[in-house]
Every structure is written in structure tokens, then in C-alpha cells.
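You will see two complexes here that share chain A, one where it goes with chain B and one where it goes with chain C.
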Partner chain A sequence: MSVPIELRDVSHFYSPGTAMQVAAIKNISLTIEEGEFVGIIGHTGSGKSTLISHFNGLLKPSKGTVLVDGEDISQSKEVLRAARFKVGLCFQYPEAQLFEETVAKDIAFGPKNMKLPEDEIARRVAEAAKYVGLRPEMLDKSPFDLSGGEKRRAAIAGVMAMEPKVLVLDEPAAGLDPRGKKEIHELIRNYRSRTGSTVVLVSHSMEDIANLADRVIVMNHGEIAMNGTVDEVFSHASDLQTMGLNVPEITRVFTALHDKGFDVPPNIYSVKEGVRILRALLEGGVG
Partner chain B sequence: MEKLIEIKNLTYTYEPDEEGQTGYTAVKNVSLDINKGEFVAVLGHNGSGKSTLAKLMNAIFEPTEGTVTVKGIPSVSEENGDRIRRIVGMVFQNPDNQIVATIVEDDVAFGPENLGVEPAEIRRRVDEALKTVNMYEHREREPHRLSGGQKQRVAIAGVLAMRTECMILDEPTAMLDPKGRQEVINTVLRLNKEQGMTVVLITHFMEEAVLADRVLIMDGGSVISQGTPREIFSKPGFLREHGLDVPQSTELCLELGIEDCVLTVDECVEKLSLMMGGAV
Partner chain C sequence: MVKDITFGQYYPSKSALHNMDARMKLVLTFAMIVCIFLCHNFFSLGVMALFTVIAVIFSRVPVKMLLKSIKPVLVILIFTAVLNIFYTKGGETYFTLFNKISITEKGVNTAVFTMIRIVVLVVLSSLLTYTTTPTMLTDALERLLSPLKVFHIKVHTLAMMMTLALRFIPTLIEEIDRIMNAQKARGADLETGGLIKRAKALIPIFIPLMVSSFRRAYELAFAMTCRCYTGGDGRTRMKQMKLGYRDFIALLICLISLAGIIVLNRFFIKII
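On to the complex of A and B.
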């Protein structure tokens, strides 16, 4: 199995060599395995955005090495360029970066930079639009005529159209209403199940991370504080709270019931699962 | 109950843009009152008219039809608008767009300075406001070095320093991490409960709306439902139809057939413990 992303002892300093030098991330070593869905959580300023900006060489480490598909991306311009296409980064509020005359042209921007043939670009634009649920007739509109949620989806389609091995999304659902959030999560899930690509999701919503990710990386003050399965990470509720984070609401309910001595698992992450367990218990209790 | 904001048959249509696109009616025939000291949450999907309504309540916009009256002042002129904004303050979603000064305390002083308040009084108000939001120790810092939650609390202090009676917050926590969200919401709650500040909170977070006295649901520019949080959140099907949701604790209990609507983790745990009493 190949390792799409590996960081070896990576640090990044802002204003290096001055009295103002700040380490945004410190001594980070991690791997993102092929096909994984990794969630990243951490308080504002914990280094999440700096970290993911290293995944495709957008930021260069002050110290340490970044490998994409096993190759050190600092070794040559070609390797760095290839890394930009292998790892697709979608930043917060990506709709602010829409700029073309039509939605189709905006989605095509990435593939064009990759110098793909026209028919391949057209195929990718159509497919990415389908993944994010933009109807074909919307592709000829100006991106500025779309609703907020549609703009967001168009921007995400632009990254998907590059068909990156690893799709990295920084708070893709920020500012959306509950339905808009659900739609974004659904489309990420669909994209992943159809393409098998690796996904990294940065989020402030513990509920979303618990629902979507296989593994969770917790950033705190520029360092990795935890790195484990959803179960491993969310079993440390009080540590997470100290770091300005939390566990999902439904997990708080089950942990409290568990701690009161009821025969329920503390590690429940979805309402559906919670309902199933309590129903079985309540019916069993009556019978 | 004393009415602070009275809204009657309010409609607002955005002017057509230069390309000749037709004007968009964002608020349609809304009538409602905001009472003094009340904490009202406004829910609705993106584009439902919430933010436009907010801007009508503090006279950033004037009605296309109908009226908005704040303590008897109708929002019909620049001059009345200025008077209304001394009563109704506003905090926006993105803290970076509303901080104007390079030092925290200067930013908080900006509002009262514009009102022509005398310097000694400004000093007193700024200190008091910063203490109220627990940012006094950061008064000499540069705003861009603060966390999101801290910046939003500075924005709230800016409104407090203007001595408004009502604060409208338009998704103030949308860009914040869990701790920042908690800080801002605790501050808002304290202002409402301890200082009697009237609060209108627009939010996409259902767990924030449960803290309000009254919840309004907007869709298509109209207020389609209102009630106490318990009344509103006992209708998950209705909420989902309008792009909203209920808190996980509420959903869990409703799914289990518990009739009284629970709103918080604590209520949920208490209810379930009682039900499972025999299962320990």
C-alpha cells in the first residue's frame, strides 16, 4: 500500500530569524494512508491550516521533510508540481476564489493548469459537477448568480475535477445551514465511495468528524496532541475540553449514562445507533 | 410587556442591480414585536431572509413597505436611523470585518467616539465593556492577534460601549471553534440575564437557539413559526422541511417516544435515567 502523504519531523516558523519568530507547527510526523478518511480537529490557531498547507507544498517546511507518494517534494520543481495535482486543497470559504465568467470555466481551471486535453477537461467538469449536485444548465451561469450553497459546491467541484489522490477540505460546511451541511457531507461521502480517494477533513464540528472520519488527528498549540481512531480520541473527553474542543453531543449523553452505572456503551457517535441501543435495553427491561 | 422593536407588515425588496436583474424580495409581510429584555433566536436556512430582517431592525435598511419602530422611532430617515442605532447594536459573523482599530481598546472606543461622548466617559465605558466580556486584560493588544472568540467579544464590547438596549447578533459563532462559540454564547446569555440586554440571535446552531426565550423560524422571507424552544424543537419533521434540524439530545428522546421535548444533554440524561431506573 502506498502512502500518499508523509510528514517527517516538520516544523514551520513564521517570521523566522526575527524576534517575532513563532512556530506555527512543531515537529510533526504523520502519515496519511491510501483510502483513509482522516479528520483533523483543533482550536483556532492550533496549526491546522498551516499543517494542511504543507500537504501539497503550498508552504515549505522550515525544518523536516514532506513526502507525497514517497517522494520528497522539495527535490525538484517537477515533483512539487506533481504533488500540487495529487493533493487537492480546498480552503475555508472557497467560493471567495470563484472568478471565471461561467461555472464550467471555474471548475475547469485546475484541469486546464494540468494541461489536459480539452475532451478530458470537459469530462472532468461534467463529472465533478455531478458529484456536487450542480445541474448541467447551471454550468453556463456566472458563478455570482448561484446561491451561497451552490457557490460552495462549485468551488469544491473545482478541486474534485483535478481528480486528486487526496482531497483535503478545510471546514467545507462552515456557515451553511443544517441542510447545506448535510448535503456537503453527503457529497464528500459519495465522492469517496465512487473514487476511492483519500480524504482529509478539517472541522470544528465534533459530530461531523465522528460521523465521517476513520481516524482523527488532534492539533494543539502547533503539535499533534492525539492521533487515533474516532473511539480512541473521543474517549478523552476531558483532555479535549482542556484543548478547547469537545466530544459529540450524543456521545456526552451516553458517557453520562454509562458513568451513572447504566449498561450502555459510552462511545456512541450517532443518534441512530443510540436509539437502537436504548430501544433494545428498554424493551429488554420491560420483558 | 414593553415593546422595544415593533414590526408591522414589513416587506423589503433589494433594488435591481445595474445589469437590470429584477429586485429580490427578501422579507415578505413580516409582523412581530421584540420585547424589552427578551432573548429571541432566529432560525432559517441560508437565504431565508434572516440577515435582511436583522438589517431592517437596526435601520441599516429602510422598509420597502410596512414599518419598523424602535422605542417609538420609525426607521424612515437617516436621522432616525442614527437614533435607532444608538438603541439597537449589531454584531456580524466575521469578526475581521468589523474591527477597525489596531488596539483593542481603541476599537471599543470607536462607537462612543462617533456618538460624541466626552473622553472621560468613553474611558469609563470602554473599561466597563471590556470587563463585562472578560477582555479587559487584553485591552492593549492588537486585535489581529486574538482568537476568533476573543475578537467577537471585542465586537460585543464595542456595542456595549455605545450603551445600546438591544443587541442583534448575525451568526456570531459561525466561524469559531467550540471554545470560541462557548465564550461568545456565555457572554450573550450573561448580558441578557444579568443586565437585561434585549438579544436577537441569528444562528444555524440549534444548541444555541434552545437557550432563547422565543424562537422564530423564517423561510422565504416570512416568519413561518414561532414559540418557546420546547414548542419549536418538538417538531423535527417541520424543521427539516425548512432546512433546519433539532439538537441530538432532542432527537434521541423524540425517537424513543419521550413526549416532553428535551433540549439539552442534562435534560436528556435525566429523562433517560428515570426511564431506565430499573435497568441499573
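On to the complex of A and C.
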């Protein structure tokens, strides 16, 4: 089985050759394994979006190679085009991409570009709509008549309908209210458990990543600062804070307790877990 | 990519030309462009060329930047020169081919003359945009056109619309970039196919662009209304335009050039 995405020593410069040359990402090497749920975090301007634009060849690396399914995507137009469909990229505020007369037609835009037969397109549209929780009667509406959250979900469905091997989502819940955010996270989780596909989630919220991802890649100033399981990364809470990232409240409480000498692990990131440990601690009669 | 399109090629500096009143700059540039067409021989055109060189020196805009602005008209330049060389007849014949194609004195003169004329024209007009920000220009235009108010033309509103349009060009370019990437990620093919196919491929880009532009326009109008914007009536300015000594010196230089052109036109033979 080949690795879905592999980056080898990739750098990307903006305005190359001029005085304003800026390295957006520097010497990035990483692999995304089959079936993984990877979270990418970093503060604004840390190179997250530049990084994911390399996954499907929207940006060409200034240096290094990008392999999708084991093939170098810069070798030919065909491989690049195939990579576009293997890696489904959903940008921030994806509702800006809606343009068709009906929601169904808009979701079908990707599959149509893949030149799939009509019945297969119809199946995929229905499936993707189900994943994102759009009711069938909504499919005949104009996408511009939907509410903000529904638009967002319709746009995500447009990427899911391509049935990519890897689904990459850039801040899919940005600008939504807590309920909308929860819905989006729920649908990502659902999608993954039903299709078993690989998912990459970009966010600057540690809490979201912690709740969803298996592995976390932390970006800082265009470089990979940390790369490991959620537990590993969260045990460096103070480092994360110096990188301008918000550690979940509960983690901060536990780090402080740990530093004060209490016998608790510092890398707790869910309230449920925290309560369990505190209760055990109290019953154990410490303090 | 799309971002590379430069617009309103302002070159920030603090030169004498930058500090001039935009109204005076606009009027004088216009007047001097008319002057280019008053020149009838190389001597008077020489005055214009000299004027342009002096203006460039005072603007402190690098020559490289000016060459960049000539580049787009290079084709026109060569085209008119070639046409003039072969199609204008008169005077001494330098060269004849097959008894048909010939190069004459007049042909060469006209070709060189028109070329200098076009270069001076382009350099002068780009100097204006290099030394004046688009906002300053529209402001100046508003002031200069304000007498039209007599005819119930809303000069202020027009100027405000122009300023806003200019302001939103970079924003829209960014927006196009974003939408293009989003559609490309869904497999939109913008690069291949015939004319009709390519035009069709633009639909997924322009519809979202339209939608967001309308939304932006509404939001902007709303924000302006919230800050009590009611149009030009009774509106005062933060930056008052004032004519200074620089502007009068510039005016004087222009008048001297004009006098020189008229005199030289009289004393030497007309060649164009």
C-alpha cells in the first residue's frame, strides 16, 4: 500500500528572486498514512494553508517533491490532475465556491469534472448530502437560499462527493456558532467512520484537534515544530503557548496542578478525563 | 499569477513632483500632452523631450520603472514606425527595392518623429500615475469637475465611486485567486480546451465573484450610512488642496516650454 501523501524536503517561497522573497514553508518532510486523522495546527501565518495547497498541487514547491500515492505530482499533467481528485481540498470559508443553480448541481461539479457516468454522479451527490446532513428537498434549492451553516455544509459536500482518498479541510468551522461548529465536527467524524478515508484537519484551535485527530502536526514559522500523537504534543503545553496557540482550559489547569506538585498528568485535554482523574485523586485522599 | 497584475502604478517617494498639487499636475500633464501635438519640427519636439527629461529627473522615479511603462506600447511603436517608413513619401530617396518599396527622407523623419512623440506621451502620462496616488487623482478630478455641479451632475458621488472602485481592485484580485483555487481543487479545468470551453470554465469563478461583490457593496454602503455619509453636500475635507510655490514654478516651466515650442515652430520648417 503506498502512502497517500508524502512531502520530501518541501520549501515554498513567495515572490522568489526579488527582495521581498519570503519562505512560507521551509524544508517540510512529512507523511500522511492511510486511514489516519491528522490535525495540523499553527497560529495565523505559520504556513498551514500554504502547506495544504501543496497536497493537491495547487502550489508547486520551490524546492523538494510532493508524492501523492507514491507518484511525484510534478512529473506530468495527468498525475497532477489525478492528484486533484485523490486529495480533496476544502478551503476556509468554502461557501464562496458555490455557484450552480441548485445545491445538487453544485455538489455534482467535482464528480462531473472527474467525467463519471450520470448514475454514479447522482449516487455520490445523494451520499455526500447525507454525510453533511442536507435533507433531499434542500438539494433542489438554490445554494444562495440556504442559511450560512447549510451553505458551508453544501460546499463541504461538494468536496466529499469526489470521494477523495484524503480529505483535507482548512478551518471548516471558522466563523460558525458553537452549534454549527459541533455539527461540522460531528459530520467529519461520521464521514470518517463510514468511509474510513484519511482526513487532514487544519485548525488553530487545539481543542478541536484534540477531540478529533489521532496525530498532530504543529507548524511554527513555516516549519514543523512538533509531530506526534495528541498525548505527546499536549505534554508540551507550555511550548505550545509560546507559539501563540491556545491550550484548552482544562489542560492549563492540569499543567498548573502538575507544576504545583500534585500527582496528576499534565497532558489532559478533555473535561471528562479531567473529572475522572480529579475524583480518583480526591478519593485517594490526597490534599 | 493574478496577483502580479499591478494597478495604479504609484511609486512612493517625496520628490518635488510628488509634492505638487494633484490638480495642477493633472491640468499640466493634459496641457503638455496637447503641446506634443503642437510640435511641427524636431526643434520644438526637442523642447518637449527636454521638458520630459527634466520632469523625470524631478520625479525621482527610476528610469527602469519608466521603461516598464513603455514596454506595453513597444509593439505599437514599432508598428507605426514601420508603416511610416514605407508609406510616407517625399524628399530624397535613400533606398528602393523592386521599384515598389522605397525609403525616403520624409519617411524616416516621420517615423522617428512619431516614435519620439509616442514615447514622450507615454512617459508624461505615466509620470502622473507614478507620482500621484489613485485617490489623489480622483480627488483632484472631483475638484476640477466641480463646476459641473451647475448642470446637476453629482461630481462628488462619481468621484467617490471611482475611489471605491480603485480601492477594491486588489481585494477582488485576492478574491478571484481564492475562488480559482477552490474550483481547481474540485477539478475545474481552466487551462485547456477551445474558446467556448474556456469561457464556460469561467462561470464557476465569476458567479461567486459577483455574489461576493454584491455582498461587499451592501456591507460597504451600510457601513458608510452608519457613519452618516450622505453624499457630497456640506462635506468638508481633511486634506485641503492648496497651490504652493512648486505648482507655480511648474506652471512657469510649462509656459516657457510652450513659448519655446511656438517660437521654434515658426523659425524652422514644418516637417510634420
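Operating definition for what follows: the second predicted complex is superposed on the first by the 282 of 287 C-alpha atoms of A that agree within 3 Å, B and C clash if a C-alpha of one lies under 4 Å from a C-alpha of the other, contacts with A are read in each partner's own complex, and residues count from 1 in each chain.
We take it that a residue touches a chain if its C-beta (ideal position, glycine included) is under 8 Å from a C-beta of that chain, and two chains touch if they have at least 3 such contacts.
Not measured: the values here are computed from a predicted model.
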**Message:** A:237 in the overlay: touching chain B, chain C, both, or neither? Say first, second, both or neither.
**Reply:** neither
**Asked** If you stack the two complexes on chain A, which partner ends up touching A:126: first (chain B), second (chain C), both, or neither?
**Response** neither
**Message:** Per the contact definition in the header, classify A:277: touching chain B only (first), chain C only (second), both, or neither.
**Reply:** neither
**Prompt:** If you stack the two complexes on chain A, which partner ends up touching A:3: first (chain B), second (chain C), both, or neither?
**Reply:** neither
**More chain A residues in contact - chain B or chain C** = B
**Request:** Tell me which partner A:261 touches in the superposition: chain B (first), chain C (second), both or neither.
**Result:** first
**Request:** Could you say whether A:252 touches chain B, chain C, both of them, or neither, answering first, second, both or neither?
**Result:** first
**Prompt:** Regarding the shared-chain residue A:30, is it in contact with chain B (first), chain C (second), both, or neither?
**Reply:** neither
**Message:** Per the contact definition, I'd like the list of chain A residues that touch chain C in the complex.
**Reply:** 53, 56, 58, 81, 84-85, 88-91, 94, 96-99, 109-110, 113-114, 144, 158-159, 162
**Request:** Using the touch definition up top, name the residues of chain A that touch chain B in the complex.
**Result:** 42-45, 147-149, 174-180, 204, 206-207, 244-246, 248-250, 252-253, 256-257, 260-263, 271, 274-275, 278-279, 281-282, 285
**Request:** Could you pull out which chain C residues touch chain A in their complex?
**Result:** 175, 178-179, 181-189, 203-204, 207-208, 211-212
**Request:** Enumerate the contact residues on chain B facing chain A in the complex.
**Result:** 44-47, 93, 147-149, 171, 174-180, 204, 206-207, 240, 243-245, 247-249, 251-252, 255-256, 265, 268-269, 272-273, 275-276, 278-280
